[in-house]
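Once you scroll down, you'll see the structures, which are given as structure tokens.
Two complexes follow with chain A in common, the first pairing it with chain B and the second with chain C.
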Partner chain A sequence: MDIAVVVKLVPDLVEELAIDESGAALDTSYLRLIVNELDNHAVEQAILLKESAGGQVTVIAPDLEGVDDILFTAAAKGADRLIKLTGAMSGVNNYALSNSLAAIIREIKPHLVLTGVQANNDLDGSVGPRLAALLGMAYVGYVSGVTPANDSVKVRKEYSGGLVAQVAVRLPAVLGIQAAGKPPRYVPISKIRQMSKTARIKDQPAGDLDAGNGAAVKHMFKPEMGTHATMIEGEADEVADRLIAIFKEQDIL
Partner chain B sequence: MTIPENSPHRSFSESFIASLYDLPDGERIRTCLQCGMCGGVCPFGYAMEFPPNKMIATLRADVFDWVMKSQSVWMCISCYACAQVCPSKIPLTTTLMTRAKEELLLAGNVPTELQQALENSQRYGNVLGQSQRKRADWTKALKYPVPLMGQDRKSADVLWFVGDYGSYHPRIQLVSKAVAQVLAALGIDFGVLGPDENSDGDSQRLAGERGLFETLAAKNGQALRKYKFNQILVTDPHAYNAFKNQYPALGISYPVKHYTQFLVERLDQLKPLLKKAANMRVAYHDPCYLGRANDIYDEPRQLLQAIPGVELVEMSHHHTTSLCCGGGGGGMWMDGFQWEKAQARTTNWRIKEALAVKANTLAVACPYEPPRFEDAARNIREAAELAVKDIAELVADALND
Partner chain C sequence: MSQDIFVVIEHLRGKVADISYVMLAAARVIAQATGGQVVAALLGHNAQELAGNLAADRVLYVEHPALADFTSAAYQTVLESLLREHAPRAALLGDTSIGGDVAAWLAARLSWPLVSSCRSVSAEGAVIRFVSQTCGGKIMAEGDLPGPCALVMIVPGGYKPEQGQSAQTPQVTSAAAPPLEGLRVAVDNYVEPDTSDVDISREPILVSVGRGIQTLDSIGLVEELARALGCPVCASRPIVDQGWLPTTRLVGKSGKVVKPRLYLALGISGAPEHVEGMGESEMIIAVNTDPAAPIFNVAKYGATVDLFDLAPALTEKIQEARRQRGTHHGAASS
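On to the complex of A and B.
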């Protein structure tokens, strides 16, 4: 089963985030990028599938700071082909990104396309569904485990309220991964170093990055502190009486 | 063991044993008597399917893959207890146990808890996964200045390597502040690396991640080469072990002292400053990487005895028989894993030893120890009054300022 995995780089939240002078974007001077956690699960899921059903795994990531390391780490885990999407990738939106990715994936002709179901810098999770629409494939999101069958896969999908479904998906298909079947594995530095010497990263121009009708950020700000809290002081009994009175006033009791 | 190295029939046991021979004194493994003292003295030997003696037996029987399939080796806390008692003087900790962990790591047989600490070290340069930019934040708003190399000065007599826990862990930051206070009282000309400092990497190495250790060492070497200083001062015995025994082979060679050694050298100057008398019955816990790994037993005790009002007592395990806190060799990051396998913590055992000699203070000299022993003391009713203090804190408390 040949699999293409789409990986994004997102701001590392260990570093404090600041908003730049435009007021509509993050200040990138101290920003460090890290592989999107759910995309990392998508890579792991692809490797697990390769280990159980064979095939080739191609990992595609945009050319941003730290991308080589991320691709070599994927190779050390077992990925066969590494593709770096080159062009003005900083701040590119999911609309433009999906268009470029779809063109590449059409050439690779994989049976399965995996990507994280969302990322901390977009939360709209539109890469997977848009890729599916552009490629004419089925899409299932919030997947936490994939088992290969003949010309299909069985996916485990979580619903709210603690419900879990098993869905059979005919291939080719795009899956939005929430969690791999197993936690992403650790790769010793020596293996990554070895890959950085032997594995080859193919540069692929992203082409026309048309932001199209995709959402654009107009204003970015930190959550404002609420001023609606009232501190009730006094003895426990007084506080309790006051609380009951408030609940009655608000029609809660 | 006469099959040539390039033979396709060479088994994993054979290539593994050959890799041990390449290490210093590694060939001593041939002289194993199968007496079992290593497995007996190991604090977690009872919880291992394959304690060191059995590992050697599997090597001889050419079935070392049994060891590779088990997670037994991850119970090793690299405390040197086995190497210390081995009548054949086999350096078990540095050869067999560490090499086995390296192979398990390469094979992907890694406990998840350990993985997190290694990933943090890879990405952030510290096991706690904190921003490197905040590494010197603990020095802000201190009564005693902690000069930052590069920013405040280019050269100093002493370069203080603070370490991950001393920089970020709230409990160990208190120890760092105590050290800063003592250095200020002695008028030491010193500086710290701050954001340029990376984890010493020694415990990651002993947890099988040699490549990561080398990467971290290279970063530290690069940072140190930027400045002029005469010696390195460390507060962490694991950093001491790295600078003393491992970094020189990587081309990073500086005179290094643990703070207990450094302060004992200045005891004539320090002693008159220690005026506040305390009423303490102190049991001293020898950290593995000061004691068994590096033969430093006297200086910490000399320092404690210089504090007025301190009565020093020895627990049943002391000096070469000291009982590991469980934090070495990656154990610091595998608490849940250890508990699952052993259903016991060495720290609880140690606290009971301190109570048995009626100590009211357990003195330590390693940053892994205060949180580990304090957690254990909280679980033992009789230990409610037992204080766990780093020696540096006891010295700072006795300063008359």
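On to the complex of A and C.
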């Protein structure tokens, strides 16, 4: 089963986020980008499927800072082909991204396209369902586990409250991955470094990156701190003392 | 094109999901400004009675055996035809497992703009403004809803479900389903949530652990703290995805909704998907080294100390407090 995996780079939320001068976008000079965690699960799911059913795995990611490492990491895990989407990728919305991706995926003709069900900076929906519409494939998202079955796949689709539907999806299809069947594997840095010497990344121009009719953000701001917590100052020991007092007040202790 | 606001009603196994009511409340805000109607699109099989308490001006009911379960394929087909025909000013869908399977697909097929993660809406004359949450709830993004027709994916939190409920049954009209043959997606069966473990939604006290814990080995620290407090440990999604705790302990959008008297969150950032499951707790106490962590926006008390220092210190002090109480009680009774 040939699989294409679409990977996005997203802001690392552990870092402080700043808004740029326009007031309508994140300040990219401070931004540290990391692989979208759910796309990482999509890569893992692709490798798991390759291990059980064979086939080629192609990983596609936009050319943003850190992308080479992300692609080489995927290769170290078992991806066969690496494609870097080149062009002015910073701040590209999913409308534009999906259009370029669809053109590439049409050429690869995979049986399955996997991508994270969402990314932390999506503001115009996610990539997966758009790709499915553009490619004329079926789409199912919130997937945590995929099993091959002849001309289809069986997927676990998650609903709230822990309810899961077992869903049959006829190929070719796009799946929005919430979690891989197993936690993403760890690869040692040495192996990634080795890949950076042997694996080849193919540059593919993204072409027209027209933002289309995506959401027009006019203004970004940090959420209201009106209901912010009362902060307990001091070292851990002092904080613990205060918490004990609160527990006693609340009849918890 | 009309000034109506469509709401795609989400329901599963005979129950309307809360997000549907939240969307109806948001739709009302827009409709009051556009002068259009709030129209609930209800798709199902023998599901007409679900229209009962929807706070809509009218309900368009699409009946078909292929709509007995939610499948992306059937919903996509029906909604594409319905929205093409009616061309409302906006169509609202949940930013959920159901809405997520269709909204961006529809946006591509209909060439309509789409706004996701929308928490609240407001309207001034013909201008509809959206506020969306992004970057794990650390940033809000605001803008005008493009036209003439648009899709909006709604997250919970901006409106209470009760605001979208009505004592009066709305007028229901039937709409014909387009042909629904050869669909490529089908539900085989449902797997019920595991009930063999403790039900965290019934516990008065919860200690919850997030990715700040870093390794499986360190979970023990939190378990000891929970043992001292006499409560179970629950967790955020990454902990469960790693297999460090069972899925029965997951709190949030894809897990359980909990409302304990005390929710002690250790090393949890407070992403919207997590807060969806614990935001209504009576008292939230958060420990997180990042002063900008969104969890502090829902917590009553917070501290930016390292959980690796706090957890053992707190465990010891709780044990000590219990011992003192024990000896105190002991002394009183002897």
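FYI, the second predicted complex is superposed on the first by the 223 of 253 C-alpha atoms of A that agree within 3 Å, B and C clash if a C-alpha of one lies under 4 Å from a C-alpha of the other, contacts with A are read in each partner's own complex, and residues count from 1 in each chain.
As a working rule, a contact is a pair of C-beta atoms (placed from the backbone, for glycine too) under 8 Å apart; a residue touches a chain by one contact, two chains touch by 3 or more.
What you are looking at is a predicted structure, and each value in this text was computed from that prediction instead of being measured.
A.B. asks: Mind working out whether A:A138 is in touch with chain B, chain C, both or neither, as first, second, both or neither?
C.D. replies: So A:A138 only meets chain C here.
A.B. asks: For A:E16, using the defined touch cut-off, is the partner it touches chain B, chain C, both, or neither? Pick first, second, both or neither.
C.D. replies: both
A.B. asks: Would you sort A:S126 into first (chain B), second (chain C), both or neither based on which partner it touches?
C.D. replies: second
A.B. asks: Once the shared chain is lined up, is A:R193 touching chain B (first), chain C (second), both, or neither of them?
C.D. replies: A:R193: touches chain B, not chain C.
A.B. asks: Can A:R185 be said to touch chain B (first), chain C (second), both, or neither?
C.D. replies: first
A.B. asks: Counting only touches as set out at the top, which of chain B and chain C does A:H228 meet: first, second, both, neither?
C.D. replies: Second partner only.
A.B. asks: Should A:I34 be classified as contacting the first partner (chain B), the second (chain C), both, or neither?
C.D. replies: A:I34 contacts chain B only, not chain C.
A.B. asks: After superposition on the shared chain, which partner residues are touched by A:K202: those of chain B (first), chain C (second), both, or neither?
C.D. replies: After superposition on chain A, A:K202 lies in contact with neither partner.
A.B. asks: Let me test your reading of the model: by the given contact rule, A:R106 touches which partner, first (chain B), second (chain C), both or neither?
C.D. replies: It touches nothing on chain B or chain C.
A.B. asks: Comparing chain C with chain B, which touches more residues belonging to chain A?
C.D. replies: Looking at chain B versus chain C, the one contacting more residues of chain A is C.
A.B. asks: Which parts of chain A are in contact with chain B and also with chain C?
C.D. replies: Common to the two interfaces on chain A: residues 14, 16, 183.
A.B. asks: Under the definition above, what is the set of chain A residues touching chain C in their complex?
C.D. replies: Those in contact with chain C are residues 11, 13-14, 16-17, 19, 24, 26, 37, 41, 94-95, 98, 117-118, 120-130, 132-134, 138-142, 154, 156-170, 173, 176, 178-179, 183, 212-225, 227-237, 239-241, 243-244, 246-248, 250, 252-253.
A.B. asks: Quick check on the complex: what are the chain A residues that touch chain B?
C.D. replies: Chain A reaches chain B through residues 14-16, 30, 34, 183, 185-186, 188-191, 193.
A.B. asks: For a test of understanding, state which residues of chain B touch chain A in their complex under the given definition.
C.D. replies: It is residues 105-106, 108, 110, 112, 114-115, 118-119, 122-124, 129-131, 133, 209-212, 214-215 of chain B that touch chain A.
A.B. asks: Tell me, which parts of chain C touch chain A in their complex?
C.D. replies: Contact set of chain C toward chain A: 12, 17, 69, 71-73, 76, 96-98, 100-109, 111-117, 130, 132-144, 146, 151, 153, 184-194, 205, 229, 238, 241-243, 247-248, 250, 253-257, 261-262, 269, 283-287, 290-292, 294, 296-306, 309-310, 313-314, 316-318, 321-322, 325.
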